[in-house]
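Just dropping this structure here.
Order of writing sets the chain letters: A, B, C and D. Residues in each chain are counted from 1.
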Amino acid sequence: MSEVLRVAMIGHGFMGAAHSQAWRNAPRFFDLPRPVSMDVVVGRDAERAREAAARYGWASSASDWREVVARDDIDLVDICTPGSSHAEIAVAALAAGKHVLCEKPLANTVSEAVAMADAAEEAARRGVFAMTGFTYRRVPAITLAADLVRRGEIGEVRQARAQYLQDWLSDAEAPLTWRLQRDEAGSGALGDIGAHIVDAVQFVTGQTVTTVSGTTRTFVAERPLPSGGRGEVSVDDAALFTGKLSGGGLATFEASRMASGRKNALRFEISGTAGAIAFDLEDLNTLQVFRFADGETAGFRRVLVTEPGHPYVAAWWPPGHLLGYEHGFTHQVVDLVRGIEKGEQPRPSFGDGLWVQRVLAAVERSAADDTRWTSVAESR
Amino acid sequence: MSEVLRVAMIGHGFMGAAHSQAWRNAPRFFDLPRPVSMDVVVGRDAERAREAAARYGWASSASDWREVVARDDIDLVDICTPGSSHAEIAVAALAAGKHVLCEKPLANTVSEAVAMADAAEEAARRGVFAMTGFTYRRVPAITLAADLVRRGEIGEVRQARAQYLQDWLSDAEAPLTWRLQRDEAGSGALGDIGAHIVDAVQFVTGQTVTTVSGTTRTFVAERPLPSGGRGEVSVDDAALFTGKLSGGGLATFEASRMASGRKNALRFEISGTAGAIAFDLEDLNTLQVFRFADGETAGFRRVLVTEPGHPYVAAWWPPGHLLGYEHGFTHQVVDLVRGIEKGEQPRPSFGDGLWVQRVLAAVERSAADDTRWTSVAESR
Amino acid sequence: MSEVLRVAMIGHGFMGAAHSQAWRNAPRFFDLPRPVSMDVVVGRDAERAREAAARYGWASSASDWREVVARDDIDLVDICTPGSSHAEIAVAALAAGKHVLCEKPLANTVSEAVAMADAAEEAARRGVFAMTGFTYRRVPAITLAADLVRRGEIGEVRQARAQYLQDWLSDAEAPLTWRLQRDEAGSGALGDIGAHIVDAVQFVTGQTVTTVSGTTRTFVAERPLPSGGRGEVSVDDAALFTGKLSGGGLATFEASRMASGRKNALRFEISGTAGAIAFDLEDLNTLQVFRFADGETAGFRRVLVTEPGHPYVAAWWPPGHLLGYEHGFTHQVVDLVRGIEKGEQPRPSFGDGLWVQRVLAAVERSAADDTRWTSVAESR
Amino acid sequence: MSEVLRVAMIGHGFMGAAHSQAWRNAPRFFDLPRPVSMDVVVGRDAERAREAAARYGWASSASDWREVVARDDIDLVDICTPGSSHAEIAVAALAAGKHVLCEKPLANTVSEAVAMADAAEEAARRGVFAMTGFTYRRVPAITLAADLVRRGEIGEVRQARAQYLQDWLSDAEAPLTWRLQRDEAGSGALGDIGAHIVDAVQFVTGQTVTTVSGTTRTFVAERPLPSGGRGEVSVDDAALFTGKLSGGGLATFEASRMASGRKNALRFEISGTAGAIAFDLEDLNTLQVFRFADGETAGFRRVLVTEPGHPYVAAWWPPGHLLGYEHGFTHQVVDLVRGIEKGEQPRPSFGDGLWVQRVLAAVERSAADDTRWTSVAESR
């Protein structure tokens, strides 16, 4: 039980940095049931992988993920590569008996995601677990939101409205990076940030999106290539969709990278029969809570989610001290290790990640079909 | 020119009270180009009309609008009745050479609205003008928003997101009033509050909604009748739709009477290539303005729209003193009288009101057609 | 009982406009126990008084307040002149058996205010009442705040922090009007806006300020005279003081006309043993309420004070519709007329106004005495 | 130059945890000019020190700070003990040629702080540096605020208003810990949180507080002892003071642990001739900036201080990703190491810390002297 959990991380970009911070911090602030060791980081370029190991605190580096996945002395593979390689690595790692943490979106296509979820389900029967990295679930205010809804504090959910607004593409001269090319990125705002709000709404409401009607839009068709000249943007700048929730509610979603003035505004508001909750990632330590039962002085309560009784908070600093973006990654690692130790499937599972992929695919199908209502379950 | 403008008001419910306050206040705070007199208020019940005259400050009362419209000594007819009677009254009044102010929504059906717009267009050629009562256009912050967009302060408009959120139907035991019955109310949240956000987005962006995809929902199917027993709710509780703007932008709309904790939250945010603006009617004296050009200290500016240079404000109180809901009605009357005196069509015209009706009708058609994209111009 | 209450208003500047709006509106929205008639407005310049009568709705005008006060057919005198003339008019009117409404500050000196309060006390024994025009008490959110404190909703009051922040003197080239000259204005920010926060704190906490320590400051010593040249500023730009409350609490006050970016920010926060309330006049329809008893989801509730159960609100518009600056004046008139009819002293009385004057005078004495603690009761 | 900087930390409570996080993170996110090693943590209880070393990442532990300070292989001593021991440790460490980082408040008495500042000044001449741990200076929004003021963006500073509001003592039954006993804690809210707002105002304005007038208050005189029974509270619950700034401005300060509903509200607003800035630690990633030059759309800009051009931000995450409470500690360590490498005195120096102590002592002297204006320079 107290054997060390040896971790390998594949990829060391932005997400690799965030995951490394999580692995370093988890044992410093939380009582993990099992020690972890940051054994190896993997990157295609051996020199850059070596530098990443030094900077991020991994004991060693490697350049071939297949070799690493095959090693007997690795217990968990943390996948931080672009979406196009997720399926191959995850399926191999699970087959090799490694636990897997995989960044979102689970894959670039539904069929890849299906393969991953199948592999995960099979592995789980052997006590080997896979988790999708929707880290925002573990922002304390969002976890608290889900707890409140589950306990019935806002009654039955009727409506959800969710937005993820950024503005880094408002400038028509912003360069055409790989994120704006379909073959590499899969999709644009839809998959990158739309995925987060689909997961958040499903997590907080405890319901799934079953049917969608939506549209996507590319406002700037051509952009300067980093290499010179101009190229065609092949992904969406914004995606707008409406979804039916499995519990009978309605949800609206907007993902945009052209919402001038909004930097990282993942927002949602859930309206229930007895109250409501609202959240904004640009003010991530607070949760707004409304209850009709408050009567004459009912109003959205601005709850600073920094009290010891709030999820995850006690492990960090005294009451009233704010956490940042990165802390959710630590909570994710903590819950993953705890799940592994208890032999319980950590959430979001690959199945959860697959469903988000199906929703995104259904939005694209609806957009291609005159915005008609489109079944999520039928996404392939 | 300085002859008195003699006004008759038909209907004296909530809107009649607000319009009366406007007629009383306009000459006290603004220099009208022509004196106005509040000659007669009309209501079916003679006794209640008499009381309304006394309470609201009309010189006399009457119970037959047809007689009043036929009077030679009336110059302007202000229609504050439910939507089902708008067309008949307005068309008759215009035919009789009276200027008309008509509450929104212009009518309960597109065909009625078409008749009204045709009559108004014909009358305008004779110098007789009709105006639709989308009073929120004249909340100073909204007028300022439109001014800023027209002047290019936020660049080219790409996206609009608009909501009108209320919660008075969250309670499933709230009674089944006439507003929840289709034959009297036309539609539910869609026509009542959705109409306002369609007009607001069109007004502020200076563009029209040309195509929509939408859905409506009734969450509570049966409610207690005021008379006892239960009856079927035949209008929507919420309407969600996406629209294409004539200038190439995309807009999203939500109208809901079940958004727990929101009382009168008419909100919009317009994202442009150079900045953005945002507004919330629950904080109606402020406008949020974002400009990329602010550089390092760019951020939404919370502009208190209470300075003498702001629209309409100088007529009221010194800088920093807040206005309320009712003041927009006064501004509406002021602009109407000024338009009449100048011989210029006041906006929103009946044509503007008709287009909003077409949008609402297109939403219902889309909702009935699997949420498909639906042309607004084809609404009949 | 139902005899008309005939009103004379002395002065017709900014306050005269606001009071006129109140007299006009009160009977339209509230059921007054007695009809009121706006009989005469008085101004030194006969021509301008005539114009004021026409604009503001008074039946006639006059230029000599003494004659008007002596008239048998006047029941109530509403004093809207500068502070230096309050005492003479009010004492004469009360002696003549007229009810009096007097704008704040009650007088320019404590001794004048004492004479007024004495006259009012004597008159009250004859059923003739005097009221000081601290109109902000009747902003619904402030009235609600006082109600909540009185009912013990925030427990025992420990601290109050109050600010009245404006910025119209930030510009060192703003002109030297009469408001910046001691002989006319009495004092600067202290008397003009500091008076409001002293009254607000006393009203909401139900306690009086008994002892103060304070300082005042003139940041810009010379300003351009409207007539050309430059003159010396002889009043304070800002006043800062701490006060002990009669119930054992501590209060801090700041009045400044140089708080850049703040236009009319009358703010207070009251901390009690069980909770707290906070208010800002720049967002006057909301009240922030905190209660420890809310437990895990405790946070300041943003209460939109626009529901029918809230003070004064039901008389106006449906739920969720905002009121503005001017509405408090109407509530003031309503309560005054009701008090007169019931034979009950309306608050704030002249005695209440006198105490505020004593507090302001004590602040100036403390400022002149090295900021030492200074007894309010000893102000003369 | 690239020799390792070997660090010893004395004390491992809340501040020790925060400093450890800083030492661990600094080299992972910033390019330090010199590698650092976390060599030893010191605590009186050897067993607990050992545990702290393991948890916080120190290579070893020790129980006698004198021995550690005497070691040749230690370059820097980081003092995280209670204030009463700061002077002895810091003076010894500086004498031994160690750089020193010392938590605030610098000492419990002015005379101790003087000794420390003298020692630091002497050491600085030898290239050995001491720094006071006012970490909030390095919250990016506060650093940006100071930058903006220094660049003249808000003009000349006239007024500062600062508050540090907490509510953990609102409950009269909260226990009587060492923090509430004068002999151990020195003072209450004044020294603990008041110190922070004095430093913040001085840092952001670039001016010092020269004279103060203030009062302190203990609202709850007796509290339950953790050991049972009740004991007397010998420190203040709240401190209120006004200060004159060296540049001619006025500042107000409030420190309270009884501000119900406020958890960690370190707030300040600086009013200048050309604009203003405002900050709240409960929303620490944003800065409010007002500029008169914004004209018609002037209003406080809500700047999300998460852009690459903002202080410290580029080292962490992409734009729009929030930082938390702890990040300022990392920035502090980074600037300390850089200062040491460059041979430049890092700020705040011990002299800066001493001045804050003098201000606090002057407040207590003023409070004891009927709140009279009291010179800060004369504090001993």
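Annotations for the structure displayed:
In the analysis below, a contact is a pair of C-beta atoms (placed from the backbone, for glycine too) under 8 Å apart; a residue touches a chain by one contact, two chains touch by 3 or more.
Protein identities per chain, from UniProt: A, B, C, D = Predicted dehydrogenase.
These numbers come from a predicted model, not from an experiment.
Comparing the centres of all chains, each the average of its CA atoms, the largest separation from subunit A (Predicted dehydrogenase) belongs to C.
The chain pair with the larger count of C-beta pairs in contact, out of A-B and B-D, is A-B. Subunit B (Predicted dehydrogenase) and subunit C (Predicted dehydrogenase) have Cα centroids lying 36 Å from one another.
If you average the Cα atoms of subunit A (Predicted dehydrogenase) and of subunit B (Predicted dehydrogenase), the two centres end up 42 Å apart.
As a whole-number value, the distance joining the C-alpha centres of subunit B (Predicted dehydrogenase) and subunit D (Predicted dehydrogenase) reads 55 Å.
Residue positions of subunit D (Predicted dehydrogenase) with contacts to 2 or more other chains are 298-300, 304, 307. On subunit B (Predicted dehydrogenase), the positions that touch subunit C (Predicted dehydrogenase) within their shared complex are 14, 17-18, 20-21, 24, 28, 55-57, 166, 168, 263-264, 281-285, 304, 306-307, 316-327. Subunit A (Predicted dehydrogenase) meets subunit C (Predicted dehydrogenase) in the complex at residues 144, 148, 153, 286-289, 294, 296-304, 307, 309-310. Of all residues in subunit B (Predicted dehydrogenase), those touching subunit A (Predicted dehydrogenase) in their complex are 154, 158-159, 161, 163, 167, 170-172, 213, 215, 217, 219, 238, 240, 242, 250, 252, 254, 256, 258-262, 269, 271-276, 290, 292, 298-300, 370-373.
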